[in-house]
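Each structure below is given as structure tokens.
In what follows, chain A forms one complex with chain B and a second complex with chain C.
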Partner chain A sequence: MEYLTAVLLPQLLHGLVFGAALGLLALGLTVIFGLLGVMNFAHGELYMLGAYAGIAVIGVTHSFWVALILAPLLVGALGALTEVATLRPLYRRQPLYGLILTFGLALVFREGARQVWGGDMRRILPPITGSTPLLGMTYPNYRLFLLAIASVLLVAIWLFFTKTRAGVVVRAAVQDAEMLDGLGVNVPRVFTLTFAGSAALAALAGLLLAPVFTVYPQMGVEMILLAFIVVILGGMGSLGGSVVAAFVIGIAQSLLTLWMNPQRVAIAIFGIMILVLIIRPRGFFGREGVLE
Partner chain B sequence: MRFKSLLALILAGAVIGGTTALAPAQGPKVVKIGDLGSKVGVFEGYGKYQSMAIQLAVEELNARGGVLGHTIEVIVEDDDTKPAPSVRKAEKLILQDDVKLLVGAVSSGATMAVMDVTKKHKVIHWNAVSCAEFMRTTKFHKYYFSNQPDSRMQANGLAKYILDKMGKRVYIFYTDYAMGQSDGRQFKTAIEKLGGEVVGVAGAPLDTKDFSPWFGDINAKNPEVVFLAFAGTDSLRLMTQLHSFGMTKKYRLAGIDCFLLQQDLPAIAEPMEGFVQLAHFSAYNPDKNMQAFNARFKKRFGVDANIMAGAYDGLMFWATAVEKAKSFDPDKVAGAMEGMCLDGTHVGRQCIRKEDHQVVMDMHLYQVRGGKNIPIAVVAGSDTIGEPMVGRDPVEGFTWEIKKKN
Partner chain C sequence: MSSARSWPALVVLAALAALPLTPFMTKYYMLLGFDALLFGAVAMSLDLLMGYTGLVSFGHAAFFGLGAYATAVLLERGVLSLWLGLGFAVLVVGLYALIVAYFATTRRGIYFALLTLVFAEVVYTFFRYTQTFGGSDGIQGLPAPYLWPGLAIDTPARNYYLILAYLALAYAACRVLVGSHFGRVLVAIRENEDRARFLGYNVQRYKMGVCVISALLTGLGGALYPGRAAYATPDLMLWTVSGELIIMVMIGGLGTLVGPVIGGAFFIILQEKVSSYVDWYFIVIGLVLIAIVLFMPRGLFGLRRLLTLRPWRATA
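Let's look at the complex of A and B:
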């Protein structure tokens, strides 16, 4: 019993916090994959730019909360510009073109950030300080806030896609863009706004996680691999699947650390993915015929 | 016919003229050296300052006429902080660029991999930052030299201070690759040998994002001191997260030589307050040799020097040895470097021990106060370097098993 409360439950909490953060990042990736049919390799860099945009906004306004609104808007605008200028001409081509393009964009964004802000690590102070006694330890209030806001955002995004007309239009575009075009919907605009929204979501995740993980040009590369695993595990293009997979990965990583050599934990995460794909080749919630 | 002759003459003239124009101008002779360091990622800062230290040495040497009448040219390559790319880049530097000295890499795993390349191609290899213990023991070869205090030297320098001044119950938390494992092995051995108790050990992978899953075990073991063997951005993240969990105030913290560069401290001053760190160089050390070097470095680059200044010494030792050997031949240069002493390095006079090519360096201990490394103690290099152990495991029979004290 003591092991449960003193060891297992705190690890579970760590896993939940990390899973929620990972879910935020992976969700934007899933939406773009569903929409464009390509893995957006630049998604990690949009996450990184969110943190740097946050630093820039905080530098001017001295407010994390203002940055939490402005930074995603700035990166969302950059996302819209990127979609119109680079991705749109490739929509009718093989998905490989989009893949190569986003890989190139990732390099441009990352090295651009290095030129502008330098390679040194930066730190954003958490806007919520202090800690709460919880499960036999003092748990940082900011992490609890992170868990709460990430959960609220995940629910809000789910509601957006299931309960609003705009969300239904995006899902329809994922299913059959030509049919949607035939119904008189401005599909290119849907694509642009969805890409912008996904970029803003990545930026939001980047800024929210910055006080915990710190900020440096390479930060997106290191998170994106896990986000890809989440998308594959959850089922390509499945929003709910991504959320579930993010928590599975977060909790598994946290709990396995208790019993395994850390290098083997990373291997075990891939092992979990392989195992799930053997049992369910389309991931947790991937559906036959969708994006195949 | 006359036209054809004229055309042939013009063409011949063009060929001869063109060839002459394309022929290389007879300029000063050049000798190349390789700077292999991390340019992006977890150890980016170390690679950046390594390049600056090398640049300063090259400028000073070239201003004196170069080495053996040759102007020194630096070829910079990114080691990607990984063994495989480091090996590729080292081979490129040696086989394509024909470098006569290779400085690098930054991560211990990469440096050990590069050692195989420099051994195979017989190139003088200087390590200025990697601190795994194996380089001057089981991996050692005759062309390898280092002025980075390795794990054994650091353990000998810091373990006694930890037990005397900080606490007897120590938890060792290390980054789980060559450097961290080596530091963990050496510190556990040294602490147990000196009568302290290692209450727990744990390793986290290089580039870990969230360290909190390991904090539960640290708290459960209730140590007095947490010894941290991390470096670069891992150290920054770890300290930020330890601080947010209230653990920087709960425990006394100590770390290895390359835990954080001085330049990183101001940004993380509050979590680092009171942290005890080994470092062979600090811009805040009143030592006149360090101050003199720092003044030159700051005049050139506008920033303080840090531990990566060791790369400067590598060039100075090599250039002096080349002049002494009157040759770039690696066997002759390596022979000249063995046992060599040199004044005017970044910490004053230094000597290379003949048996394992390790520079005998004093270990300076610092405590972070207000974002600055303030010196608190110094341990003589002769007391920390230990016996030469070429070809042997310095902690043979080591086990990570926790020995309970009654």
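Let's look at the complex of A and C:
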């Protein structure tokens, strides 16, 4: 019982918190994957830019809450601009070109951030301090807030995709963009707005996690790999699958750290991914045969 | 390999061999030439997979890094013979490549790319955190290897000629391979995998074969790296390095042997030259990459046919 409340439960909560944030990141990735057939290598950099945009806004307004609204908007606008300028000409080309293009974008964003904000580690102070007694342990309030807001966002995104016309249009574009075009929908505009939304979500995840982690220009490089794993585990292009897989990976990672050093945890997670790719490449909920 | 087709390669080779005799080839340029030719050869090996067989490997940095660690571990322990280092690298890289190739070739498209990527990350994570191999610092301060006792590869000029020999041999090997029956089957697999299978070819075995060959050529290049740099670090295996290798192939052009060599050399020289003027050279490289994808999708020497137009759902 002691072990349960002192060790297992906090770690489980850590996993939930991290999983929820990872879910925000992976959702954007999987939607873009469904739309463009491309793994967006710049997604980790949009996540990183979210944290830096947050620092910039906090520097001006001294408010984390204003930053939480403005930073995703700024990064979303950057995403829209990027999509129109670079990805739009590639719609009818092989996915490989999109992959390489986003790799180039990632280089530009990463180095741009290092030039503007420097290469040092930065911290954002949690806007909510203190901790709450919970189930026989005490847990930091900010992490509880993070879990709450990320969960609310995930539900909101689910409602958007199932209950609104715009959400249905995006899902239709994921299924068959050509057909949607034939039905008279302005598909390029759908792509641009979706890319902007995906960028804003990544930025939001970056800013929300910034008080828990540290902020530095390479912070997206490791995170994006984890997000890839989540997307594959959930099934590429499957929205619900990504969220489930994000929680699975988040909880698995924080529970494994109880018994293994970080190196073994990382290798174990990679091992899970290799197994999934070999045995069931479509993941939990993916359609069979996609991209094979 | 007909002599009519091979003479331009020989002329280029002779020119590259004569280059150190010119007065402007200082030690700095000799080492820059080393890197340019080395990564050119590695990009050429990767193009066997990418351009000829249509398999995008996102894990070639691991083959390169394992080769580098193989010689570095021996050099650190006082085994200075280059041949032993190369032999050890072939063993280590070959074993690892067999495992990766066996599993990765069961999958196509982006799943192949991701499997190679994740396998490479396992290797990276292992070396990054294993203190026996220096952890994140890697193995530093290595002595120079020798060809035979008395002939150490300890000057920039000797390193340059060594890498030139490696490039020439690797090019000859690739040229023979591409022109052989084996190479033609690879192209058939790229063009239509199912048809190649229906014709009776064991497609997976051909893919595994080319994976291992490409990995070995890359690993041998990696094995020559510690002799020039005096170190091997886990950063050589980071997935972004694999991405840079893909960029080199794309700059040069998919589906040719000469293209990626030029692409690799261009990338290295661009990086070195831009970084000596500005601190933000990654922005320049990123922009060059974006410009190539947008405006010059064939690369410098690529095949037009590989750039096929497909509808939006290129994935279905």
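In the analysis below, the second predicted complex is superposed on the first by the 277 of 292 C-alpha atoms of A that agree within 3 Å, B and C clash if a C-alpha of one lies under 4 Å from a C-alpha of the other, contacts with A are read in each partner's own complex, and residues count from 1 in each chain.
Criterion: a residue touches a chain if its C-beta (ideal position, glycine included) is under 8 Å from a C-beta of that chain, and two chains touch if they have at least 3 such contacts.
All values reported here derive from a predicted model rather than from experimental measurement.
Because the two structures share chain A, they can be overlaid on it, and in that overlay chain B clashes with chain C. In the superposition on chain A, A:Arg123 makes contact with chain B only, while chain C stays out of contact range. In the superposed model, A:Leu201 lies in contact with neither chain B nor chain C.
When the two complexes are overlaid on their common chain A, residue A:Val187 makes contact with chain C while staying clear of chain B.
In the superposition on chain A, contact is made by A:Gly37 with chain C only, not with chain B. A count of residues in chain A touched by chain B and by chain C gives the higher number to C.
Shared-chain residue A:Ala266: touches chain B and chain C both.
In the superposed model, A:Val108 makes contact with chain C only, not with chain B.
By the touch criterion defined above, A:Tyr97 lies against chain C but remains apart from chain B after alignment on the C-alpha atoms of chain A.
Clashing C-alpha atoms with chain B after superposition occur in a single stretch of chain C, namely 225-233 (options considered: 9-17, 171-179, 225-233 or 279-287).
Chain A uses residues 114, 261-263, 266 to touch chain B in one structure and chain C in the other. Considering their complex, residues 40-42, 44-45, 48, 176, 203-205, 207-210, 212-217, 219-220, 233, 236-237, 240-241, 244-246, 263-264, 267-268 of chain B touch chain A.
Of all residues in chain C, those touching chain A in their complex are 56, 103, 106-111, 114-115, 117-119, 121-122, 125-126, 128-130, 238-240, 243, 246-247, 250, 279-283, 285-290, 293-294, 297, 307-316. Here chain A touches chain C in the complex through residues 37, 39, 41, 86, 89-97, 99-101, 103-108, 110-112, 114-115, 176-178, 181, 187, 221, 225, 228-229, 232, 236, 261-263, 266-267, 270-271, 273-274, 277-278, 281, 290-292, going by the rule given at the top. Here chain A touches chain B in the complex through residues 6-7, 10-11, 14-15, 17-18, 114, 119-123, 126, 131, 136-140, 142-143, 211-214, 216-218, 222-223, 253-254, 257-258, 261-263, 265-266, going by the rule given at the top.
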